Amino acid sequence: MPETWRERMYRVIFEAETPLGRAFDVGLLWAILLSVGVAVTDSVSTLSPATHRILGRLEWAFTLLFSAEYVARLVCTPRPSRYALSFFGLVDLAAVLPTYLRLILPGAESLIVIRTLRLLRIFRVLKLARYLGELSILTYALRASRRKVTVFLGTVLIMATILGALMYLIEGPERGFTSIPRAMYWAIVTVTTVGYGDISPQTVPGQVLAAIAMILGYSIIAVPTGIVSAELVEAARKPPNTRTCHECLSEGHLPVARYCRDCGAELRSLSPLSDQS
Amino acid sequence: MPETWRERMYRVIFEAETPLGRAFDVGLLWAILLSVGVAVTDSVSTLSPATHRILGRLEWAFTLLFSAEYVARLVCTPRPSRYALSFFGLVDLAAVLPTYLRLILPGAESLIVIRTLRLLRIFRVLKLARYLGELSILTYALRASRRKVTVFLGTVLIMATILGALMYLIEGPERGFTSIPRAMYWAIVTVTTVGYGDISPQTVPGQVLAAIAMILGYSIIAVPTGIVSAELVEAARKPPNTRTCHECLSEGHLPVARYCRDCGAELRSLSPLSDQS
Amino acid sequence: MPETWRERMYRVIFEAETPLGRAFDVGLLWAILLSVGVAVTDSVSTLSPATHRILGRLEWAFTLLFSAEYVARLVCTPRPSRYALSFFGLVDLAAVLPTYLRLILPGAESLIVIRTLRLLRIFRVLKLARYLGELSILTYALRASRRKVTVFLGTVLIMATILGALMYLIEGPERGFTSIPRAMYWAIVTVTTVGYGDISPQTVPGQVLAAIAMILGYSIIAVPTGIVSAELVEAARKPPNTRTCHECLSEGHLPVARYCRDCGAELRSLSPLSDQS
Amino acid sequence: MPETWRERMYRVIFEAETPLGRAFDVGLLWAILLSVGVAVTDSVSTLSPATHRILGRLEWAFTLLFSAEYVARLVCTPRPSRYALSFFGLVDLAAVLPTYLRLILPGAESLIVIRTLRLLRIFRVLKLARYLGELSILTYALRASRRKVTVFLGTVLIMATILGALMYLIEGPERGFTSIPRAMYWAIVTVTTVGYGDISPQTVPGQVLAAIAMILGYSIIAVPTGIVSAELVEAARKPPNTRTCHECLSEGHLPVARYCRDCGAELRSLSPLSDQS
C-alpha cells in the first residue's frame, strides 16, 4: 500500500525516534557540513584548477542529493504546500536553487549574480538548527528577554548616533571622520569594544570623548549580560514557582508540597523539565 | 468650549490610551526617526547638490512639524511653564531651534557654529525614551546599582591613572606615550579591551605591564556585570519578598500564603508586576 | 588639656561623624584629586614654561598641605608607629616624599629618577579608598570569590603559554612572533579580546589558531563574570539564609518567621544589611 | 618490606595529606613552573650564547628530575599500566620525551621537528591542574553547562560562516577579503570583539554589515555569561534544594525543616558543602 510506504518514509525523514530515522538525520547533518565546507573552500582562488574542478563536481553531487531529499520531503508530507512554505521548506529550496540557476543563466556578465546565489547555499547550515534540541532552551531565554534586549539595542544605537555626531564635529573630515554615518561606524566599533583602529581620534578632546565612549560601552556590556543571566536564573527556578493546582489553579506551590494549600486537592508530580536544564 | 477642546488635545498628545493618542505617538516616533536620518545623511559630503537641496527642504519640513508640536504641547498643558522647563520640554525646544538660528546668523564665518547647533537636532532621538516603557525597568535596575557602579567607575579611573603614569615612565615620549593624559587614554583603550592599536607598547617591560592591564581589565569586566545581574535577579525575585500584610505591615509572605502568618488577616492577591517582568 | 585637644583632632581627621570631620574629609578628597590633576597635567611637554612654573608651585603647595596632614595624623593617633606602618600611613608618606627628594638630588642626570619618584604622588589617589564605603561591599564579593578567580587567572596564563608556544612554532620569528614571551603577549592580547593588531597571524594555520584562541577567550569571559555574579546574588540572598536563632543557633529561618521553628524562642529582627544592598 | 616502602612512597607522591606529601607536591609545582620558565626564556634569540648554554643545562636537569619522578610514579602505583595510560601519565611522559628525542635525532634538518617536540614540555604546566582543587568546582559548572555552550559555539560558527560569506561578496578580494575562509577569520575577529584591524571593511555596505556583526557579537556575549552565571547560582543554591529525606527519598526540604513533610522521618543535618562555596 502506498499509504504505509509514505508513512514509513515520513517517520525516517521527519522524525528521529527509529534507528533508521536517526541514521538519516546524522547522515544529512554530515552532508550539510561537507557541502558548506566545499562552498567555502571553492572561494579560495589560489587553489589549482584541478581542485576547483573536483570541488565543482562535489557541489553538483551535494545539489542532487539535497534535491532528492527536498522531493522526498514533499512526497511524504501529508500537506506538501505547508512544508514548502515553512521556514525550513524555503531554506531547503534556497539551498539547491543556485546551482541550477547557474545553468539557465550562463552569461559572463551574470557572474556576480551567480556568486550571490551560490552564497545562499551557505544557508544549508541553518538546517542544523533542526537537529539541536538544546537550541530551543536558549531561544526561549532570548525570547523571554526580547523586549528588554530591543530597548537595550535601541539605546546603543541612540548612543552611537549622539557619539558619532559629536565626534564628527570634534575631529572633522580631515582626520578620517568624513561624515556622521562614518563617525557612527566608529562609535559602534568603539562602544562594542571591537576597536579596529582604522579610524581613531587624534585630537585631545576627541580622545577624551573616545575614552568616555569606551567606559560607557564597557559599563553597558553589563546590561544585556544581566538581562540574560536573570532570565536563565529565573528559568532554572521557575518550575517550583509555576507549579499550579489543577483544581483551584493557585500557583507557586513549594516543590515539597503534596497537597494544595488553598483547596486541599492532591498536586500532580513536577514536570521533568527541571531536571533537564 | 475651549476647555474641553484643550483637554481632548492633551489626551491625544500626552497620553497613549485612546486610538488617536496611540496613532499620534507612533506618527511622531517615525517623524523623529526620519528627521534624524535626514540630519545624518546630510553630513555625507559626497552626495550630489540636488540631494542636499532635497534634504535641506525635508529638514525644514520636520522643523516646522516639530515646532507645531511644541506649540501644541505648550497650548494644551494646564501648566505650560512646567512643561517648558522639564527635560523633554527643553529637548523639544533644542530640537527645533538650530534650524531657525541658521536664518538669523547667515554669515560665512558662523558655519562651524551652525554645524554645532544642527547637531542638537540629534537629541530629537532622546524623545524616543518617552515611548519605550520597558526602558524604565532597565533604568530602575541601573539606578538601584548606581552607587556600586560609581565606585566601580572610580576604581577604573584610578587604575587608568596609575597604569598610564607607569606606562609613561616605561615607554616614554619616544614611543607614542607623549604625556600622562595620553598614556591614560592608552590605559582606558586597553583596560576596556577596545584596543585600537594606535598607541601600543614596544619594549618588553611595557608589554608585560600591558599584559597585566589586559588581564586586570578582563577580570574586572566581571564586576559591573555581576552587579547588574544580581540587581536584576533580585528584582525578579522581589515581588514575593515584598508581599506585605495590609493589617500588620509584616513583609516577605510566601506567594502561596493566603493569610498573614503574624496577625491572621487575609492577604491581598499578588501584584501583576511579577508576571510582567 | 593636650589630651582632649588631640582626641578632638583625632575625631576630625580619622572619623567622619561630626560636621567638621566630614568637611575635613571632603576637603582632603578635593585636594587629592586636584594634586593628581596637577601631576598629570605637568607631564604634557607642549605646555608653556609659565604654565609649568605655576604647576610646579601648586605641586609644592599640595606637598606642604599633605605633609602637614601627615604630621597631624602622626600627632593625634594614640599609637603613631602603628599608623606609620599601616598601608595608608605608607601611602601618605610616599605621596609627599618625591617632591622633597627632588631637593636633595638636584643633578641633571637624576632626572629619570625624579620622574619615577614624582610618579608615586599618583598613589595619593589610593587615599580615596578611605572615603568610599561602598567599595567594601565589592571588595567583600571579590574576596569571597578570590580563590576561584586565582584558579581562573592561572588557567588564562597556562592557556596563554600554550597558545603562545604554538603560535611561535606556526608563524615563526619572520612574522613578528620573535620569541615565546612575545607570542604569549600576543596570546594575552587576543584572549582578552583587546586585539591591538600590532602583531597578528598572517599564515592560514596561524589564523585558524587565532580564531580558536578568540572563541576560547570569548567563552571563558563568562567564567569570572559568572563567579562574581553568583557571589553577589548569594550575598544579596544571604541575610534570610543566615538568620539564626539566638537560643538554639538553628539557621535559615524564613524572613517572615517570628518564632524559631526548632525551639520556639522569639527570633530577633533582621539585620538592616539586607536593605542597604 | 618492599610493600610498605612502596605504600609510603605512594602516599608521598600521589596524596597530599602527610607533611612530606605536601612538601613533595609544592616542590614539584615549583619545578614545573621553573622548567616552563626556562623553556620560554630559551626561545628568546637575543640572549647571549652563555645564557643559552645555562638554560640548556637547566633543561637537562629538569628533564632528569621529571624522569625520576615518572619512574617513581610507575614503581609505586599498584597498577602501573593504568597510570601510564591515564591522561596525567601520558602528559608526564610527553613532558620528558622531547629532550631525549633530541639526542636520537641530531640531524640539522630535524631542527623544526625538535622545536615542535620541545614545545610539548610546555604541557608540564597542565600537571598544575592536579594541585588546584578549586579547579574542580569551575570544571563542574562548565561541564553542567557543556551542552548549552556547545550549541552556543555552533551558533557562533554558523554566524561567522554567513557573515564571512556575505562580506566576501560585498568587499571582494580587492580589499583584503581574498576568500570565504579569510572573511570568516575577519568575522570571528569582529564577533568576538577582538578587532585586530588587519582586515577591515572599507565600503559603506561593508561597514554597515560590520556594525551589525559587532552589535550581534556584543549582544550574544551575554549568552555564555548568562549560562555560566545561572549554573553557578544554581550550584550555590543546590544544597537546600537537593536535601533529601533518607526514608522516603522526597527532595527539596527547606533548610529549616527538621522532619520530612511527607513521611515524618527526621531529616539529617545539611551537608557542609554549602559553606565551602
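Letters A, B, C and D name the chains as they come in the text, with residue numbers starting at 1 for each one.
The working rule: a residue touches a chain if its C-beta (ideal position, glycine included) is under 8 Å from a C-beta of that chain, and two chains touch if they have at least 3 such contacts.
Just so we're clear, the structure is a prediction, and the values are computed from it rather than from any experiment.
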item: Chain C on chain D, rotation in degrees - Cα superposition, rounded to nearest 5; value: 90
item: Contact-richer chain pair [A-B vs B-D]; value: A-B
item: Euclidean distance of C-alpha centroids - chain A vs chain B, Å; value: 28
item: Centre distance in Å when chain B and chain D are each reduced to the mean of their C-alpha atoms; value: 40
item: For chain C, residues that touch 2 or more chains besides their own; value: 152, 181, 184, 193-197, 221, 225, 227, 229, 233, 254, 257
item: Interfacial residue positions of chain B with respect to chain A in the complex; value: 36, 39-41, 43-46, 115-116, 119, 122-123, 125-126, 128, 132, 134-135, 137-138, 141-142, 149, 152-153, 156, 181-182, 184-185, 188-189, 191-198, 221, 224-225, 227-229, 231-233, 235-236, 240, 254-258
item: List of chain A residues in touch with chain C within their complex; value: 193-197, 225, 229, 233
item: Residues of chain C defined as touching chain D within the complex; value: 147-148, 150-152, 154-155, 158, 161-162, 165-166, 168-169, 173, 178-181, 184, 190, 193-197, 200, 204, 207-208, 210-211, 214-215, 217-219, 221-223, 225-227, 229-230, 233-234, 241, 250-254, 257, 261-262
